[in-house]
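Right after this note come the structures.
You will see two complexes here that share chain A, one where it goes with chain B and one where it goes with chain C.
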Partner chain A sequence: MNFSLIGALQILFKILIFPGLLFVVVIGLFLAGIDRKLVARMQKRVGPPLRQPWFDFLKLLGKETIVPHAANKAVYLAAPVIGFTGLVVMALFIPVFGYSTFSGNGDLIVLLYLLTIPAVALIIGGSASGSPYAGIGISREMVTMMSYELPLIIILLSVARKVGGSALCFSLGQIVNWQASNGCLAFHPALIPAMLAMLLVIPAEVGTQPFDVAEAETEICEGPLIEYSGAPLAVFKLNTAMKMFIMTALFTNLFFGGVSTASLIGAGIPAIALDAVIMVLICIVVTFLSMSLIHAITARFKIEHLFKFYWTVVAGLAALSLVLVWFGL
Partner chain B sequence: MLKNAIAKSMMRSPWIYHINTGSCNGCDIELVAVLTPRYDAERFGFKLAGTPRHADIVVISGPVTSQSKDRLIRTLAQVPEPKCVVTLGSCPQSGNVFKGSYSVEAPVENFVHVDVAIAGCTVKPEAVIAGLYKAAEILEKKREAMNK
Partner chain C sequence: MSYIHFPVIAVMTLFMGAFLTVVLGRHSKGVRSFIALAASCVSFALIAMLVKPVMIDGEIISYWMGNWAPMSGYAIGIGYEVDQLGLFFALLVVTTILLSAVYSIRYIEKDSSQDFYYVLFLMLSGSVLGLVMTGDVFNMFIMIEIMTFTAVGLTAFRNTSFGAVEAGFKYLVIGSIGSSFTLFGIAVLYGQCHTLNMAQLSAMLYGNHSPATLMAFALMFTGLAVKSYIVPFHTPAADAYTTAPSSISMVFSGMVNKAGVYGMIRLVYIIFRTVDMPSVQTLIVLFGTVTMFIGVTMALAQHDFKRLLAFHSISQIGYVITAAGLCTSLGLSAGLFHAMNHTLFKGLLFLCAGAVLRSTGTTNLDQLGGLSKRMPKTTLCFLVGAFSISGLPPFNGFASKWLVYQAAYEKAVTTGNIFYAFVTVTAVVVSVMTLASFIKVTQAAFFGQLPARLADVEEAPGLMLLPMYIMSLLCVGTGIFYDKVYQYLLDPAVRAAFTVSNYIDRMMGDGYAEAAGVEDVFASNPHFSYWNPVIWLALFVIVFCAAYICVVTSKGSRGQILSDEGGAEDGKYATFFSGEKALPSHVAGSDLFWGFKTDWKGYFRVMEGLHSGIVNDYALYVVAAAAFVVVFTFAFLR
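For the complex of A and B:
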């Protein structure tokens, strides 16, 4: 009885605090603040304070929530929560180097499916709001999803082939362990094109500047989010920030998974805490390279150009890696 | 405590929605200048929103032509509470050089509640920042009044 109570508390702690909800929310909003500050500095502006995403989130909580007449109320209000839940579950699957809540044989495939949930939530919410602008946004969001999904699958395939050999290893935990003994995948020449492709997949998944065709505020008035206000909008903005952390953390585990400190200072709570700090630092660098830098120097794509770019350049880079790995490099 | 935090962040993150009601584009350009690197209003958290549903501050420019009057009222009705209305330049206040025209409904105060009026033809970017900041302070007070 006593043991099961402790076990239940441990599970609750994992879901609500450390690799789960609180950790992802705090780090996600922190990364979003860093992104805005970096973009501002690159444009020679002072930029908003680091806490700006927190202010935005709290402010939106305090605004009136309007449900339009044309909307399907239940679906309209449930959509942001669905996306939020999907992201929290995803956070439990992403290890902090050696430490993860759920680990199994196919967690990379589960993650691939879970990654679509926030985008699908956006699509559901947009279609429930009944606005024609949202309709355009939804169709663009679907095309964006199709565009980045193909390169992402090829990237994961080449990582799986590299780590597992002909058996194909789809376990994130094993990928991280393999890197701890064989060196980070980022330093294996065959996987460098895949890493570059992954850096380009992240901004499309999160929906930042050159790839934010679905939410283009100057042409289709924020697309699927057009009718949202108040708390549901706050949750959608939070989802974007959380996605930022989850995608960069996935990148860190796939390509820089071997830098765990557990082998130096021994496994335990200090090692996990130190690992978490190192992971966040790598996430900041990845945020800078994949999101802030590209955001500051580019304008928005047209949707057909985005599709073409992903299925030729990015998928080509990923496929190059796959071919190299398949020939045993 | 949360309510206090919400009221405080009202002031720190005001999102602007801009409506042109027949302006000559002079004030609109000055509003955009406020967001450029030179004046950088984003350091106070100001952001241009794409839809009235996301807006906290509605900025009106132009002398309100008869065609745009109904649209202005309808757009303002779509903004969630608490909200602030700011007029940009002399046109919405008095009609400026268009005063007396058959197609101009000039003083916007006649049919819309105005919180802050920024004067000038065209307005100065410094004045715009000062006015918007004042509007953000009013926003916080409005939210605090909602708490009670």
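For the complex of A and C:
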């Protein structure tokens, strides 16, 4: 009885604090702050303080929530929470190097589908608001999703083939362990195109410029989010920040999974803490490369160009990796 | 041992129901509904009672009509043989029949000649049930014929509506060509083997193919493929599903095309046992992949709710065929699981479409909108079905698609054949496109703004909602407890498909298979250890509650949620137009996915040309595909 109580508390700790809810929220908002600061500096602005996403979030929580006349109230209010839930669950499947909530779990296909839940929540919420701008926005969001899903699956298959060889391997935990003994996948030449493709998939998945066609503030007034206000909007903004961390963490595990410190100083709390710090540092670098830098130097795509770009350039890079890996490089 | 009679009685009950409807049900609506319900309940109960002996105890039921048992090793009479594979499909069939019969009571109450409807419905049901349980190829052909002609009648049932008769005619032509191929194949086979019993044929043909039997294989394969509507035989399906009453569209997608799928699996796994050959695997997987891709892209271009669902039916059958064609135990499990899930979620979606049609009088997505305000229960059921077919966790579509990807990629890495990696990628992309087109229906029909014309539509009656609720629950339940589904339904069925000798011995006597040199190749059991959906659901609930409390408490500080309900005239809340007078501005179905459609203009133009609507063209596709299969068979089968 005593044992199971401790076990339950441990699981609860993992779900609510680390590596679950609290960790993802804090790091996500931190990354969002860093992203804004970096973009501002590159554009020769001072930029907001790092805590600005927190302030925005808390401010929105205190605002009134308005449900439009044409909206389906239940779906409209539930959508942000479903997206949020999907993201927290996904965080539990992504290991901090060796440490994860479910040991050995983290199936890539499950992750691929969990990734769609926040996007679907945004789409359903926007659709339920009844606004014509949201209608245009969800259409674009869906096309964006179709665009990046093709390269993403090819990237995941390349990694799975490289790690598994002639056996089926979709476990993220296994991929991290393989890298710990065989070196990071980022340094295997065959997977460099896939890594570049992944760097381009992240901004589309998160929805930062130039891939933010779905929310395009200047054309369709944030698309699916147009009618949202108050707490639901706060949760949607939080979702975007969390997605930043989850996508960069996924990238880290896929391509830099071998830099765990556990082998150096042995297992235990300090090793996990150090791992977490290293992970966040890599996430910051990835955020800079894939989101801030591209954001600062480009202007928004048109939706048909975005689709074409992902299905030709990005999918082409990913496919190149798959072919190279397939023939044993 | 009384249950050995159950399969035959279950089939006969349905045919008797059809007969009694003609005799007694001409004038009374109550009698008609009662006969249909009673017949479907009885057959459901009889088949459900077989689960214990067949699925759990592993028994195979064999039954000789009129006790014409085999003499000196030759089967003479018609045999019924219910193995786990057959029973798996029989369960899908009886579930579909029962739910459709309940739904029909209110759904067709405004139609004329309802007695014909029930006669045809019960005959269709009986024929499909007979098809999946028979052990005789000619009996199978007869069942296919009954199925095709009753299906034609039901397609054209609402013959006052636009296109119904045309759809029936297309179905008739293409269906007859398919049946003729099957009959031709059976005739060649009979000429070679002098028997029509599946078990005996299987023993005789095991590893023993002559040019004539290969020809028979190619023809029967094509004939059954026509019945399962895979591309390029899909053309009549789109029209038929659209114009048939929704209760019948559900039957079509739930069991009529499953009958074709069952026939193909039976053919390649048991009768000819050609599925071990890599070339046959390539052929089936190629058909499956093309089917799922063309089905889903055609669905994206549709403006009609039911036609869109019809193309999705085609696309999902592509998944089933692809997975079954991999010839691994994981692959066949995935295929059967997806077949089951497709019966559930596509049936549910057709019933939702029927509810919308009954309430609003149209299924044109450009004329609907905002129905979630008026039909909240239908909307809920539709969302469950849409999320299931799009494969979002934790619904059942996710579990089976996940298995399909695992199976296809396992095949790719174990054989080192990059073709199967391509198949995996296609399957994932098709899944996203499926999601896209259901987002389109959600936005165009259920959310967005309610047109003034539809301001007073009513929710569907309780008797129509009941089957929808049951199917929704099944969609969620089979997704969460998929390991139980695997243990009790899929695993026995897959084992049955891989142990041919059991099938032969039970029918022809022990030792018959061994004498014919039949060897079983049972691949190892797939392992399902990657994720536990129950834990996942618990997590989902915990986190959902936590988050919802957060949102609610944060609102508590400011009082209740403000809604502009009833205050649309108030400038403050007329939010779409910044205080201007609000005009109706619904984003309808054909307005969505512009970027995608622009990039694929060329492809859609070609597809539009191919789906010309001319039945001569469609017949040509069937014949051309048959020629392709024949050439492929002779060139590569060895």
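FYI, the second predicted complex is superposed on the first by the 324 of 329 C-alpha atoms of A that agree within 3 Å, B and C clash if a C-alpha of one lies under 4 Å from a C-alpha of the other, contacts with A are read in each partner's own complex, and residues count from 1 in each chain.
FYI, contacts are C-beta pairs under 8 Å (C-beta built on N, C-alpha and C of every residue); 3 or more make two chains touch, one makes a residue touch a chain.
Model, not experiment: these values are computed from the prediction.
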Query raised in the report: Regarding the shared-chain residue A:Gly62, is it in contact with chain B (first), chain C (second), both, or neither?
Result: both
Query raised in the report: Does the superposition put A:Val323 against chain B (first), chain C (second), both, or neither?
Result: second
Requested in this report: Using the touch definition from the top, say if A:Val46 reaches chain B (first), chain C (second), both or neither.
Outcome: first
Query raised in the report: Once the shared chain is lined up, is A:Ala160 touching chain B (first), chain C (second), both, or neither of them?
Result: second
Query raised in the report: Looking at the overlay, does A:Leu306 come into contact with chain B only (first), chain C only (second), both, or neither?
Result: second
Query raised in the report: If you stack the two complexes on chain A, which partner ends up touching A:Val120: first (chain B), second (chain C), both, or neither?
Result: second
Query raised in the report: In the superposed arrangement, does A:Tyr228 touch chain B (first), chain C (second), both or neither?
Result: first
Requested in this report: Counting touched residues of chain A, say whether chain B or chain C comes out ahead.
Outcome: C
Query raised in the report: For chain A, which residues lie in the overlap of the chain B contacts and the chain C contacts?
Result: 61-66, 226-227, 230
Query - chain C partner contacts - residues on chain A that touch it in the complex - result: 15-16, 21, 61-70, 72-73, 75, 77, 80-82, 84-85, 88-89, 92, 102, 105, 107, 109-110, 112-114, 116-117, 120, 123-124, 127-128, 130-133, 135-136, 138-140, 142-143, 145-146, 149-150, 153-154, 157, 160-161, 164-168, 170-171, 226-227, 230-232, 234-235, 302-304, 306-308, 311, 322-323, 326
Query raised in the report: Given the complex with chain A, which residues does chain C contribute to the contact?
Result: 370, 372-373, 376, 379, 383, 387, 390-393, 398, 402, 405-406, 409-410, 413-414, 416, 418, 421, 424-425, 428-429, 432-433, 435-436, 439, 442-443, 446-450, 530-531, 535-536, 539-540, 542-544, 546-548, 550-551, 554-555, 557-558, 561-568, 573, 575-576, 585-587, 591-596, 598-599
Query raised in the report: Which bits of chain B are touching chain A when the two form their complex?
Result: 3, 5-10, 12-13, 37, 40, 42-45, 48-51, 53-54, 56, 78, 80-82, 143, 146
Query - chain B contact footprint on chain A (complex, rising order) - result: 36, 40, 43-49, 52, 54-59, 61-66, 217-218, 221-222, 225-230, 233
